[in-house]
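Presented sequentially are two complexes of chain A, the first with chain B as partner and the second with chain C.
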Partner chain A sequence: MSRYILKRFLFAVPVLLGVSLLVFMMLHALPVDPVKLMLTDHASGTAPTAAGTMTDEMYENMKRQLGLDKPLHIQFGSFLFRAVQGDLGRSYRSDKAVASMIADNISFTAELAFASMSLSILIGVVLGVFAAINGGTWLDAGIMAVSVLGVSMPSFWFGLVLILVFSLGLGWFPPMGAGGLRALVLPAIAMGVPASATVARLTRSSLVEVMRQDYMVTARAKGLREMVVVAKHGLKNALIPVVTIVGLQFGALLGGSLVIETVFGRPGLGYISVNAIWNKDFPTVQGMVLFMATLYVVINILVDISYAWLDPRVRYDGGS
Partner chain B sequence: MMAVESKLVQVREDFSPRRDLLRRLRKSPAAMVGGIILAAIILATVLAPFVAPYSPTKIEAARAFSSPSFTHPLGTDHFGRDMLSRILFGGRLSLSVGLIAVAIAGTFGITLGVMAGYMGGWVDTVISRLIDVLLAFPSLLLTLGIVIILGAGLENLMIAVGISSIPGFARIVRGSVISTKENTYVQASIALGCSPSTVMIRHILPNVMAPIIVYATLRVASAILAGASLSYLGMGAQPPTPEGGLMLSDGREHMRRAWWITTFPGVAIMLTVMSINLLGDGLRDALDPRLRS
Partner chain C sequence: MTNKSLMAAVVLLVAVAMVIAGCGGQETAAPSPQPPSDEPAEKGGELVFGHQQKHETIDANVWTGTNTARIMRQIYDPLVWQPEPGNFVPGLATSWEVSEDGSVFTFQLRDDVTFHDGTPFNAEAVKFTFDRIVDPDSRSLQVPRIGPYEKTEVIDEFTVEVHFTEPFPPFLSNLSEVALAPCSPTAVQSKERDEYARYPVAAGPFKVVDWPDDNTIVLERYEDYNWAPSFMNHEGPAYLEKITYKMIEENTTRLVALESGDANMIDAPPADEISRLKEDDKYESFTIFTPGMPLIFQPNTTRIPTSELAVRQAMLYAVNREQVASLLSFGVDPPGHGPISSATWTYDPAIADLYPHDVDRANELLDEAGWVMNESSGVREKDGQPLRVRFVASVGLNTQAGEIVQAMLEEVGIDFVVEGMAYEATVVRMADNDYEMGRLGYTLLDPHDAFYLAYHSSQIEGGGQFNRSRVSDPKIDQLIEEGSKEVDTDRRAEIYKELQHYIMEQALIIPIKESSLTHVMHSDVKGLEADSLGRPWLYNVWIE
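Entry: the complex of A and B
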């Protein structure tokens, strides 16, 4: 097992190298000159000199300061070297380190991701099990119909409707901001409920598959109550593939946080990224993209490992 | 002996995969519902210039924020533009985003997937590593990154959603090709001296189409959602284009005054995506050989 874990992390190294190369190239592929952007579009949005012109000398100085005068592979090398040490660059706008912006805001995104993920698993597994054990009935059909609606719903629109009804209409929850449990409820529902539809569909199909297995027949033949059969023998095996989808969902949640945090004006990684895009603050965008992609890769490795740990049939390394 | 052979031939002539597929689809109520809704949506959006009661972009300040009524069934927005007309024209854009993005993703993804799966060796290694790297990004983040490079706008958005869907296509096609490659008919066509491109296009591709069709259908649905999300963030369609995500972000500012602006465009997107998802699920069930009776 430990060999498998080590191997899994080693395999991620080339992927992460590729990811950082793409993210590095992103800044160079932009149709704008970062030096000019830095000199003319900084903070106040005005030109640095009264005449509104920049001298060649200023341009060269800034270029040197940003390290853009060096050859591309040297630039990538130092980009990588700094990133490994946790230096993800500095904002053009606030001059703050991107890493510290992440540190200041990650807890908001983490609590949102945790809350919506828990919600999606709770609702998804319960509905999926109900649909599966009532297979072929109107209850099954009804749950599946609702879940198709769920996967088809733009989550940001669902968020807007929640604000409309529960904040503006009923006044139960604040329509914006973060801090406290009440501010977390609506965004967590907006992300968690559409995600739960995917979990419900997968739980159902996986449990239906498991229910056909011989050991389920054996369990019933032993005279166990149906509840015990489903919970102990069925669900335990049916939930293994669900673990994978939960890992993939995490990526969707990270992406979704871009939109949901914007809808709810809620601080977090997504909100910072979107604002950085609007402000043409490209180093911040670059640092955020690199951080989120790395996080996603690490989470997926952890999901793979837990998958191998949960399901003894899966052992990719042959030994252990 | 002769009789047996002619009977075999006859069976083959009677069997049409397309008719078989339609027959299976008709048996699935969900696929039928999805197909009918989708057909109605396509018809309404194609005929939008004729059926829309008003111009989708004409500003009539005096009519701003009219609530739903007989003259404006879905109300008007902050510029007095008719929401129903805007949503009908917006449906065209949503469907185009989905279809064009999937066409881009399909073209490149299928080509890369077939090449990697069939040729193996270093070609496979290079393509597979590239796919791994692209799949390491959360999908919406990758799309956003590409839009930033290309610049905001509806066409760039279609390209970006398309590019970020390439790795998914390539991976699915690669897997199917690898399992198809071992079939005797493929080996036979190689032995007969067919060129690699002939083997790939004439013998392998038609046999991996089933999973591709299902994936492409479901992908149109997610491309529409991704397009709407990015337009909501201002990275896609620009005002005054009547696009769903953009309408919703306009509506966000006027929620207190006009609930209908933030409600109906979302319902329209959801219905479109749902009909495609239902159809895609039906197609998957109809094409899945394990479910054949």
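Entry: the complex of A and C
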């Protein structure tokens, strides 16, 4: 097992390298000069007030300061060299270290990701199991119908409805902000409920499949109570596809969600990535992509490891 | 059947939720954020300000933006104030002298000012601030504000001389902004770069005390503040003890924050809600009209058909600017009439009468110019070429404006094609000269910037390439350069009036609408005013 994990981590190195190179090349292939954009962009409302008086000297100075006057391979090399030491460079815009931008915001994104993930697993698995054991009844159909609604509901709309009902209407939760449990409730619901729909549908279909297996009949024949049969023998085996999807969802959630952050006025990583893309803030885009790629790789490895726990037939030893 | 009824129940539930939400807006009384004061004479309170944009830094000497400066204004006091355009009032400088040629400025400074960290304000601090802006290591975007800066000489503790390599008349005006406002040298030197960007130290009525997260900035009253400019209606520290900026980018959420009482002031409410909020006694609103350029459409003078004066003039007559402005802003923003907006110094109101809405006149001009209506297509033609104008702009307000203009131009047989795309893509199209109409809009204090950016020939290829009309007119260039070097204020004003008329006679732009920023607050929030750039002054605000 440990050999397998080690191998997986080694394989991650070329993946991350490839991702970095690809992003680097894409950014530099853009027909937009980040220095010029920085000095003159007024579209975002963040432009200097009299950008038009920018001189060539100022432009060249800025370019040198940002290291953009160096050849591309040197720029990429120095990015990698610093990245492996945990230094992701400094934002062109704010001049803040990208690593500290991530560090400042990761807790808000992570707490939201955990909260909404827990919510989506809780709701999703319970509804999925419920639908599966009542397979073919109106309850099953009802749950699945609601889950279609959940999957197709845009999260910004759902978020705004939550705000209108629970902040403006009932006054139970603040419409915006972060820090503290109360501010977490609405965004977690807005993110978790739509995600739970996918989990519910997957749990149901997987469990229905497992229920037909011979070992389920055996378990029942042993005289086990139905709940134990479903939970221990059925659900555990049915969870593998669910864990895969949950892992992917979790990776996405940890990257932050601009939509949810914007709707609820929350700090988080989503804003940093999207804003960096808008501003052609190369170091921040590169840093965020590398960070997220690393997250995905790690989560995927964890998911793979969990398969072995869920299904003893899955073994990673023996060099297979 | 059961499936259907369940769906119906869900739909009903959502509908009920939305009705509850709608009613709540009308009925929920916003809880007062401050208990009623026992001593009504004492003005004070804490303000929670729902602000429309997130900011990464508020170091005014290095970075600024239209919205960032609205926060910086509370923290930074300038050497010179400009309560209305062209009127300069002592700030941290008590008096000043400008050399004959406009290249040396001598300032007498106040001797009783300390920065938020206790560092005394003096000539050295002024020198430090300016030197820091021009130092390439600071990566300051404010270098243009200080123009042809040469050096600052400390004459004595409270006298400085600022030298420029050439005359620089806009300096006083630039000084009145936050960009050149003095900062504490000790703070810059002792703090880490990242930290200083968030906790700049200056001499304004509020100091930055906390950024608990990226969406929150907390300012506190600076108790030692006692150098408010004469036009403020009080002396000593600000009334508000604390200002908490909550960055809420989503318009609806920001409005809900105000209505639910989580904020007691917001800026930029959804435009379609402004009239409702104005009628509601629970709220007060305050609209600031910003100086600079209105939103302007820029006909490309180097491409057919917009190279023809008659076509450009016909478009000006055909577009009902009042109507466009009203439709775009739900009646809040006034129409644009010329190169600079009505809140800008030297704006000439006579400009508004040059091109009244007159469809007949537009048709006449086009007929005279040989553009013949093709009745089957509804588009005029000349030499087999249709009268087609491609408008290239980023999607949003610009394309909305474009669509309204499109309908108006269709009436006179102009095929106005709206090509909406990402801002970056428009930049490429502009650089390739592949458009007949561009657009621009800018909040600016000095009229020079508006003319230089959009009409100086150097800005066709240089700078931000904002001269999208692609005008290369020696007369315009000369007037702009004269204006920037003219020391005499009246003479400067004359030059800018001449420019406004000349540009409109040449029909180099189609002005669309001016811009404004509305603040809405609970009715117990009093005393809001704004500076000449449309930045709120929270110094005079208190909560009743």
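Keep in mind that, in the parts below, the second predicted complex is superposed on the first by the 267 of 320 C-alpha atoms of A that agree within 3 Å, B and C clash if a C-alpha of one lies under 4 Å from a C-alpha of the other, contacts with A are read in each partner's own complex, and residues count from 1 in each chain.
Keep in mind that, in the parts below, a contact is a pair of C-beta atoms (placed from the backbone, for glycine too) under 8 Å apart; a residue touches a chain by one contact, two chains touch by 3 or more.
Since the structure is predicted, the reported quantities are computational estimates derived from the model, not experimental observations.
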item	value
Which superposed partner A:Gly135 touches (first chain B, second chain C, both, neither)	neither
Partner chain(s) touched by A:Val151 [first = chain B, second = chain C, both, neither]	first
Chain touching more of chain A, residue-wise (chain B, chain C)	C
Partner chain(s) touched by A:Gly86 [first = chain B, second = chain C, both, neither]	neither
Which of chain B and chain C A:Ser94 touches, first, second, both or neither	second
First, second, both or neither for A:Gly255, with chain B first and chain C second	first
Contacts of A:Phe108 with chain B and chain C, given as first, second, both or neither	second
First, second, both or neither for A:Leu16, with chain B first and chain C second	first
Chain B versus chain C as contact partner of A:Gly177, first or second or both or neither	second
Partner chain(s) touched by A:Lys36 [first = chain B, second = chain C, both, neither]	second
Residues of chain A at both interfaces, chain B in one complex, chain C in the other	30-31, 149, 156, 160-161, 163-164, 168, 262-263
Touching residues on chain B, where the partner in the complex is chain A	30, 129-130, 132-133, 136-141, 144-145, 148-149, 151, 221, 225, 228-229, 232-235, 245, 248, 251-252, 255-256, 259, 262-263, 265-266, 269-271, 273-274, 277-278, 281
Complex interface listing, chain C residues touching chain A	2-3, 6-7, 10, 14, 17-18, 20-25, 28, 50, 53-54, 56-57, 62-69, 136-137, 139, 141-145, 147, 177, 179, 193-194, 197, 212-216, 246-250, 252-254, 256-257, 259-260, 262, 394, 423-424, 427-428, 441-446, 449, 452-453, 456, 459, 463-464, 466
Residues on chain A engaged by chain C in the complex (per definition of touch)	30-32, 36-55, 58, 61-62, 64-66, 91, 93-97, 100, 104-105, 108, 138, 141-142, 145-146, 149, 156, 160-161, 163-165, 167-171, 174-179, 262-268, 271, 275, 280
For the chain A and chain B complex, residues of the former touching the latter	14-16, 18-19, 22-23, 26, 29-31, 148-149, 151-154, 156-158, 160-161, 163-164, 168, 251-252, 254-256, 258-259, 262-263, 273-274, 277-278, 282, 285, 289, 292-293, 296-297
